[in-house]
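Next come two complexes, and both contain subunit A; in the first it sits with subunit B, in the second with subunit C.
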Partner chain A sequence: MTQLKGWRDIPIGGVILEGGNAVEYRTGGWRAFRPVFGQAPCIHCFQCWLFCPDSSILVDAENEKMAGFDLDHCKGCGICASVCPVNAKVIRQAGEKLNRDDPRLCIRMVEEGKME
Partner chain B sequence: MATKLIPKELAKKPDRLSPGHRLCAGCAAPIVVRQILAAIDDPVVVANATGCLEVATTVYPYTAWRVPWVHSAFENAASTIAGIESAYRSMVRRGKIPDRNVKFLAFGGDGGTYDIGFQALSGALERGHQFVYICYNNEAYMNTGIQRSGATPLGAHTTTSPAGSVIPGKQQMRKDLTAIIAAHDIPYVAQAAPTQWKDLMEKVRKAVNCGGPAFINVLSSCNRGWRHETYETLEITQLAVDTCYWPLYEVENGVWRLTYKPKEKLPVEEWLRRQGRFRHLFRPENRHLIDELQAEVDRRWERLLFLCGETFSA
Partner chain C sequence: MSKYEALTGDQAVATAMRQINPDVVAAYPITPQTETVEFFAEYVANGEVTTEFICVESEHSAMSACVGASLAGARVMTATSSQGLALMWEIVYIAASYRCPIVMSLVNRALSGPINIHCDHSDVMGMRDSGWIILFSENCQEAYDNIIQAVRIAEHPDVLLPVVVCQDGFITSHAMERVEVYDDAEVQAFVGTYRPKWSILDVDNPKTYGALHFYDYYYESKRQQAEAMAHAQRPILEVTNEFNRQFNRHYGLFEAYRLDDADVAIVVANSTAGTTKVVVDSLRAQGLKVGLLKPRVFRPFPAKELANALCHLKAVGVMDRSIAFGSMNNAGPLFLELTAALAIHGVHIPIADYIFGLGGRDIKPGEIESVYRDLLRIAETGKVERLVTYLSVRE
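Moving on, here comes the complex of A and B:
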């Protein structure tokens, strides 16, 4: 939000005129961990899109491709990485518990503000 | 032709819940809402009971809903949607508006459904309004800071059933609301979980097209109240399903049917251990509560198998 509105600027009755205007509110600032792509290539299965609570998986729907993360709204919960079947496969092949920021993964959760 | 239930096809439709809502990171409620709204192709009107979903998606001057949405009070989401539905059908009948095959949905948390909104819900179901009531069940009053509700399981720590030297968490079992709603003999009742998303979406499609009142009870993990990491939401929901604590089934015109049978029924302990709200149950003096909960889960599961025609004696 840039500036608070005065009473003259608010619609009569205080109604909200536009549906879905919450996109203007950026919840990305809540994030402690950031999703980034790792080495394992994306198979565009859209599982992350299906389970993201914040509609923050960007997709190129026409070409059926996963296109990235909406970091203005992503709260960094890490659900995308937890449902990613490529991540599951990488962990299975490694045969050990991997850190959430392991570079071999498809979707990694990297600590916000940490330099690599 | 309805959109195929394939994520790539569903992604081609506009998202009906926008990002920028203020539900906690890792909350399952927006997952449930997004999956349900994606499953329906027709126009939708939503009524919302007071709760996390209502409060966090509509913080003034913003709203995350891209569908007509109304909230009036805690207890009356079902009456509100019943009124909207009646008004719509009346206006269509009098030729004032064209019939666009609008679907009516009500969302309520477990507080607004099991306890506070139960009377309004029961009434609206009995009157036969054509709407779908969805309970996103996070098993306590999470919005006001985790107080026990009728949906809270035995032994869970909440701020009004605090585990300590006096009591070991909630002392009662949760009530089986899905079965209570099924006793209303309405056309469609189901229990679902967001992990089995296709099952949930198929249930939503059956519910909106059943020609009468319908009810779906969806388990919705709350990482603040259940006490787990934000990324464990779906893993823990899956464990609730696989331990048969939260079986997935439907009751269509009085016929009970199991829609998901776990490959191996896990002990309920596997689900309890992952959540901080049950941590105290693993102390030696409280172990008997785990056995009691397991016995209750088994009893309800056996009864369900019998009702669904999977076994011949309960």
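Moving on, here comes the complex of A and C:
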């Protein structure tokens, strides 16, 4: 945790004197549901990466793989799970409504703090 | 060389804007400010200014565009009235907190409802705590002069706050008066070039604007804003004095009219101060020692200076052109603030409030005279029988 500055020492107008600093603001603590991988294997289609509003899908660019979730910044909105085509397929094949933390899914949304 | 022209208040503001030639104007026409936008649009179409004129679909967008342009480092102006200002509301506060030196011409008009298009001060009084510097203008000349000064005040490195210049709707905005218009080059030289502290377009030095401030930094940001307002008076006077020297004017924080040896005085802003001067002269001719104090800088509120200017009086009457509903005795905002200023600075003189002119109701010399007669009675007895009087309302 950096030392918080006094009002005399911050730039006027709420300006931050550099760009690209959102990464320093850890919004992961806002999360109520955590994205985790389930049993259905990821097909690395990057739909989750495309739709994630917080740039929190980690990507292995060299091997063109979806590599996981940046839990320091993911707010747990669940858009990744909603747009995941593998999830859609699992739900269709199950022929029933699945809970969002169903182990059969590809991206599951598990309640934070809930023991697995 | 300056020249005299017959201009309405709206046209006087548009003329000042033409001479200032701001980088960006984003405005939406609304009665009674409409003429300003119409005239200025004509200057843009004729190529008399190089301003980027943004025709927006609402005042909310107008103020939003102003903030964006200002953060880009542009000199920015806008104009509105009443409901237009009300629609700008959330961005009005943001403009001040982002320290955008935007200049707004506000042609004072009553806020709805009931719907009304005529003058009172409910619009500007609603923005009094928004963080804008507020200047009042008695007539077309003052509106013109204040707009020119407002640019320099707003952009002063020790201020960097938005400034709103008020004039009375229709009474000033649509009344044609003799206005001394200065030479374009002189005005240009006075306002100079705006050198923004930062610009969002400076891609080589990227910065973050409008970042979220939580419980960790919001408070510090606001404390800083209070500091800017607390120290704005000196730069305001610096700019005012420079303007006075250059254009032979006599502006200050307020105007004291036959106040020095007065027993009683009225405090009233904008056009009614002009009518009051006529009444002062006529009562003085009868040997009555009456005076006037006309506020010019309302934000930051010059509490100490006002207390000093009024402390010798035996009675003070404040004339408020709006009501602060639910406040002490439903008084007007000017009264409430002045009363607090006098009390804090140890000035204990009888003071009464006179609400007038709501929704454009005429205020005539006879009514102002009745206020002076009332004040002279109060001065004699030392007693304020009615704290708030509603002038010329039908019972």
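Assume the second predicted complex is superposed on the first by the 104 of 116 C-alpha atoms of A that agree within 3 Å, B and C clash if a C-alpha of one lies under 4 Å from a C-alpha of the other, contacts with A are read in each partner's own complex, and residues count from 1 in each chain.
Keep this in mind: a residue touches a chain if its C-beta (ideal position, glycine included) is under 8 Å from a C-beta of that chain, and two chains touch if they have at least 3 such contacts.
Given the structure is predicted, the values throughout are model-derived calculations rather than measurements.
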Contacts of A:W7 with subunit B and subunit C, given as first, second, both or neither: second
Subunit B versus subunit C as contact partner of A:D101, first or second or both or neither: neither
Which superposed partner A:I16 touches (first subunit B, second subunit C, both, neither): both
Touch count on subunit A, higher of subunit B and subunit C: B
Contacts of A:E112 with subunit B and subunit C, given as first, second, both or neither: neither
Doubly contacted subunit A residues - partners subunit C and subunit B: 5, 10, 14, 16, 19-21, 25
Subunit B-touching residues of subunit A, taken from the complex the two chains share: 5, 10, 14, 16, 19-27, 30-31, 44-47, 49-56, 59, 61-62, 64, 70, 72-73, 75-79, 81-83, 100, 109
Contacting residues of subunit A [partner subunit C, same complex]: 4-8, 10, 12-21, 25
Residues of subunit B touching subunit A in the complex: 7-8, 10-12, 15, 17-31, 34-35, 57-67, 69, 194, 197, 229-235
Contact set on subunit C toward subunit A in their complex: 97-100, 160, 197-198, 206-213, 216-217, 219-221, 223-224, 227-228
